[in-house]
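Can you keep this structure in mind? I'll have questions shortly.
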Amino acid sequence: MAQASIAVHKLTSCSGCQSVFLNLGDDLLVLNELVEISHFIEAGLNNFDAEVDIAFVEGSITTPDDEARILKVRERSRFVVAIGACACSGGVQALRNVKDSVGWAGAVYADTEYLDSLAESRPVAQLVKVDLELWGCPISGRQLIATVRALLQGVPPVLPTEKVCQECKRAGNVCVLVTKAAPCLGPVTRAGCGALCPSFGAPCYTCFGASEQPNCDSLGERLVGLGIPQRQVAERFVSISSGLEPYQKAWARWRIPAKQLDS
Amino acid sequence: MNDPWTPYSARVVERVVETPDVVTLSLRFTDPEVQQQYRFACGQFNMLYLFGLGEVPISIMDYQDGCLQHTIRAVGRVSRKLVALEPGAMIGLRGPYGNSWPLEAARGRDLVFITAGLGCAPVIAAIRRAIAERDAYRRLIIMQGVKHSEDLLWQAQYDRWREVPDCEVLLAASEEAKVPFAWSLGMVTTLIDKARFDPLNSTVMMCGPEPMMRASIRALENNGVAMDNCYFSLERNMQCALGLCGHCQMGSPFICKNGPIFRVSDVRDWFLLEGY
Amino acid sequence: MDQSVFLPQGDFGQIFERLREAGYRVVGPAEQEGALTYDVLESADDIPVGLVDRQAPGHYRLEQQNHRRRFDWVGTAQGLKPWLFVAEQPLWVAREVEGGLRFEEVRETPVPTAVIGVRACDLAALALQDRHFLDGDYPDPHYRARRESLLLVAVNCHRSADTCFCVSTGDGPEVTFGADLVLDELDQGYLVKAGSERGAELLARLPGRPVRGWHKRRAKALRKQARTQQRALPSRDLRGPLYAARDDMRHWQPVAERCLTCGNCAAVCPTCFCHRVDEESPLDGSLSRAVRRWDTCFNDEHSYLVGHVVRKSAEHKYRQWLTHKLAIWHDQYDRSGCTGCGRCITWCPVGIDIVEEAERLCREVGES
């Protein structure tokens, strides 16, 4: 018998976090036995209005439609879990918040008449109460499983706020910032991915958002000191989780003002 | 025997609701042999485990009728679930860990207990032992502070202790407009000035929130009590209880293996410093 | 037990063969992402030749040199710690069964492991980890099992990295204890010395030749060369100045501004022992597993205490780490927790230098 009912909702997003459900493998079958999945369009279940115990919400609030939908989702769900960088911080599309988005749209589309989007991309928690945030771009299947397990037991899951460096060192990786002067943001990024990129020799670029106590000033200074151009350092901080305050501050500090660029 | 990390299966035998968020659980090991070998001393703690959730350190309130008693407040992820357990529920248990109150060394002296909130739980057994051997000690002073008088656990027990010869029971409530008869208004530290004990020939045992114990240390020092004769029970994020995980270090001591009970003068500097 | 032989360069593989015959898997230096780390090796040919490491605060580079020496490098990214106090260790498994919970201890039988290339600082660190994990009231069974299956082939350092300061901690560069075999690497071959009975048995089965006087003189000169180190801690016991600096947070602000509280220093420190216990269940909840993982005093969770974090600021965290390492260890384990390997300097992403910080604190305390 199902112990709870769940829904998986989508706002403005790439559907990558929903796919994590579908990619759970055998655990997807287990999940289907443990809970009643009421609404999950990507899995072919369309019942948006269903009242559920747990609503997983992917995507940011970027359109008027997103605004209307999230209010309804909140009303019909006991527990709202924001999943992924978009739902938790506005996602990569929050870049529009720091630039002239109207100008951008004009440059990309021949005709902007049919675009209907808000001035900013916002995280779900700015509109409704969010009970839990699962970070990541996309979220981790392991954390998703731990979260469902914990919620079924009636407790909050234990989710890390420590830095990616911790997972990186446990994984036995060699620090790419130290050996290759790579612009790794692991020291200011929340753990959860299992240090995926550094495990393949690539620097971290903040998929899981800001860690506890992110010292972006010191890390940014170091990267600039290693000879990485200031503008690259600035942009590094505002890629996937640009909506987060510590990253925005770092961006503001190292971006080269537009005036200087023109000259 | 299990290796030191591994808990033993135990069962909740009785659950007593003390206040809306405080519960006393009586526990017994599933394996009678384990139960039989179990010994504890006043002031020690156990690691209690809930399936799927993890372990938490909980001080042992007492051992009665073949059951270990733990008084638990619902404060964290695991403890909220612990207090909801009904008789028959299965849990994991390992222990006891840590040292105990210096009841032997305190023989022939005044015994002063200063506790606040749930801090009384780890000293209850010590008070009971002292009363059971009333003649071994001189005066007994029992001070307990709470926020509201109705928060006091075991009111009847405190009333009984008032009847013990030469035993002074002092209670204080800090957040109440009007306190009941025989109570004082304020923090437990205000009681220290009122209590009658010989500052030069007393052993003090304290347990409670750290700000309360810091204030008590100052009040005791003002009353001429040497910190060599004061003991308190400390708490940190104990995860292994084996002296291995490192979380409970407070300066040089590991609370789980060198404590939880310390002579105040031994750790005074670390304790008074913020951020250790 | 002062048995030594000279093993010609071309016979180095014999050490490998003898270890394999004795049932050991062999672990030695291997290149990973631009650094040397210890890894399982298939044959002696897997050991890179002619590599040296260039280390500085927050900086590690390998340099290929034109010689055939295998151990001219000084520091690996990690010491022995990951092989004994492993980063993730399952402890036990719980299951709900009729009438109770059933707990099953996790018991692994570690593969007998021989590590080749170990340095004096790492042996000193190993002794400290032994002390922590084995000498208390509750010896750790997981560490012990791995420790008992370990054989160590150490190498005397013949150069020092710019981050080394083992001379000042008294732990190197020469191996004085703790190894089964100790090598001095010369261009022509290896001076091999037994450090234990097991080592002596191994040595007896090597095609060694008699040690000549010039072998000894050359090795001695090279060992002396390694003693030239740029860094030195102000003293072996820094309890005085560090306890004096403890109470005034102004001493900790300059380093806290730079510190990322990322815990890399603690993760690479060969003596740091902190770990946490995580509880993990599969989705169906059929069992639950306790797993211990490396943890660090730079994490909020490390000092979490019902509703608040005791060491919240970077000042508190760095103070905890440094004071513990260089001062509190003396109270706990009768010596400093630092063996001068310099890893915390090299692998700090922003290049915070423990020696510089210790010197600064001593200076500031001395001035006030």
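Letters are used for the chains, namely A, B and C, taken in the order the chains are written, and counting of residues starts over at 1 for each.
Convention: a contact is a pair of C-beta atoms (placed from the backbone, for glycine too) under 8 Å apart; a residue touches a chain by one contact, two chains touch by 3 or more.
Here the structure is a predicted model, which means the values were calculated and not measured.
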Centre to centre, using CA atoms, which chain is the farthest one from chain B?
A
Where are there more C-beta contacts: A-B or B-C?
B-C
Roughly how far is chain A from chain C, going centre to centre by Cα mean, in whole Å?
36
Taking each chain's centre as the mean position of its Cα atoms, how many Å separate chain A from chain B?
44
Hey, how far is the Cα centre of chain B from the one of chain C, in Å?
40
For chain B, give me the residues that contact two or more of the other chains.
52-53
Could you list which residues of chain A touch at least two other chains?
149, 153, 158
Where chain C touches two or more other chains, by residue:
278-279, 281, 285, 295, 301
What part of chain B is in contact with chain A in the complex they form?
52-53, 77-78, 80-81
Touching chain C in the complex, chain B uses residues 2-11, 30, 49, 51-55, 75-76, 90-92, 235-237, 239-240, 242-247, 249, 251-252, 254, 257, 273-276
Under the touch definition given earlier, write down the residues of chain C that touch chain A in their complex.
32-35, 37, 58-61, 77-78, 82, 87-88, 257-264, 267-268, 278-285, 293-296, 299-301, 314, 346-347, 349-351
Given the complex with chain C, which residues does chain A contribute to the contact?
24, 27, 30-31, 34, 145-146, 148-149, 152-153, 158, 160-163, 165-166, 169-180, 184, 186-188, 201, 212-213, 215, 217-219, 221-222
Per the contact definition, I'd like the list of chain A residues that touch chain B in the complex.
149, 153-156, 158
